[in-house]
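Chain lettering (A, B, C and D) follows the sequence in which the chains are written, and residue indices restart at 1 in each chain.
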Amino acid sequence: MPRKRIVTIAEFSIHPIGEGTSVSRHVKAAIDSISQIRGLKCQVTPMATVLEAQDLKTILKAVEQGHRAVRSLGAKRISSTLRIDERLDKARTMSDKVRKVSG
Amino acid sequence: MPRKRIVTIAEFSIHPIGEGTSVSRHVKAAIDSISQIRGLKCQVTPMATVLEAQDLKTILKAVEQGHRAVRSLGAKRISSTLRIDERLDKARTMSDKVRKVSG
Amino acid sequence: MPRKRIVTIAEFSIHPIGEGTSVSRHVKAAIDSISQIRGLKCQVTPMATVLEAQDLKTILKAVEQGHRAVRSLGAKRISSTLRIDERLDKARTMSDKVRKVSG
Amino acid sequence: MPRKRIVTIAEFSIHPIGEGTSVSRHVKAAIDSISQIRGLKCQVTPMATVLEAQDLKTILKAVEQGHRAVRSLGAKRISSTLRIDERLDKARTMSDKVRKVSG
């Protein structure tokens, strides 16, 4: 069993404004780009992508990459939300968080 | 196969401030309470609970119930976030949203 | 000097997706509608409208009214975010919050 | 009259969890630290700090600085939210945004 290390967990959501009501092409591009970031675990949910990394810098790289991907598809306005849960007293992962509040 | 109806999809996250760093007891109480709302589907993620309902009123009931549950455990300050994605042109579910941006 | 009463402070932001990059007409309609809710104080900022009310129900009415206003302009998809700061131990207003962290 | 340049507008909110219900000392430290970032304009609201910068990188620096400031006061768990409105088709400032939806 691997030792658990302190990680930062966050959630990122992004969409263009003004590119029609279907934005899955843009969201997919952002997720594809984010999922290539080294040291970042991703989990796609219906409203966002949950991110897990060992430092905040890696989380913030996801925001940059996400915007870059949506921009590269020609979007003229981009709205995004990042929510961060940084915990320094205890190691816990994305799945720990779900387990603790379920069942 | 059931006909798909227009639904509103949202995401709700809640935690007390000032009750220590471990808030899973409060989050669990909120989720338990929300999951009993008729007509509301819930899916717990590491950062929030995704909600699916046929109308906005049912989504907003989750916010009320969530706050009530955390209040009832004695919390003195409560922070919450609700993000709504209301789509009126097309029926789609929580799982449709994930499918469209994956793979 | 009026006695301070316990109030809930929140922040609401709303925009249509797929109605072009300029959404100020829709945002204005939402704000106009919200600002008529009895018992609700509003303060417009560059990214949201701050809401102050004596109970959560009044805050949630703003979400409903905001969506209704944007829907009534024909929007087919609507994205919104509500962040709530409910404090039960102490009375404080929107302006108290700013004063405490400034200067 | 200065020429307007394309800017990114965002909003950042941060608080510790588990340091009591009064978090203004932590929020103030974050704002003080953020307000020293070169090229970043800040405007404090009751629920967040609005940020305006010429590039996304400067906005993201605010997130890093904010977390660092709250960490440096000993917080063991930190919750934050960043909402970004990046517009590429048109120059507009924080005050333009408010003017467009008011009055």
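One rule holds for everything that comes next: a contact is a pair of C-beta atoms (placed from the backbone, for glycine too) under 8 Å apart; a residue touches a chain by one contact, two chains touch by 3 or more.
Note that the structure is a prediction, hence the values are computed from the model and not measured.
Using only Cα atoms, superpose chain A on chain B and state the rotation angle in degrees, rounded to the nearest 5.
About 180 degrees of rotation relates the two copies.
Averaging only over C-alpha atoms, locate the centres of chain C and chain D and give their separation in whole Å.
19
Could you give the separation in Å between the centres of chain A and chain C, each centre being the mean of its C-alpha atoms?
Once rounded, the distance between the two centres reads 26 Å.
Using the touch definition from the top, which residues of chain D touch two or more other chains?
21, 76-77, 79, 81, 83, 85, 87, 89 - these are the residues of chain D that touch more than one other chain.
Chain adjacency by touch: line, ring, star, complete or other shape?
Drawn as a graph, the chains make a fully connected set, so complete.
Please output the residues of chain A touching chain C within their complex, sorted ascending.
It comes out as residues 15-23, 76-77, 79, 81.
Which positions of chain C touch chain B when the two form their complex?
Residues in contact with chain B: 56-57, 60, 63-64, 67, 71, 75-89.
Which part of chain D faces chain C closely enough to touch in the complex?
Contacts found on chain D: 9-11, 13, 21, 24, 27-28, 31, 43-48, 50, 52, 81, 83, 85, 87, 89-90, 94-95, 97-98, 100-102.
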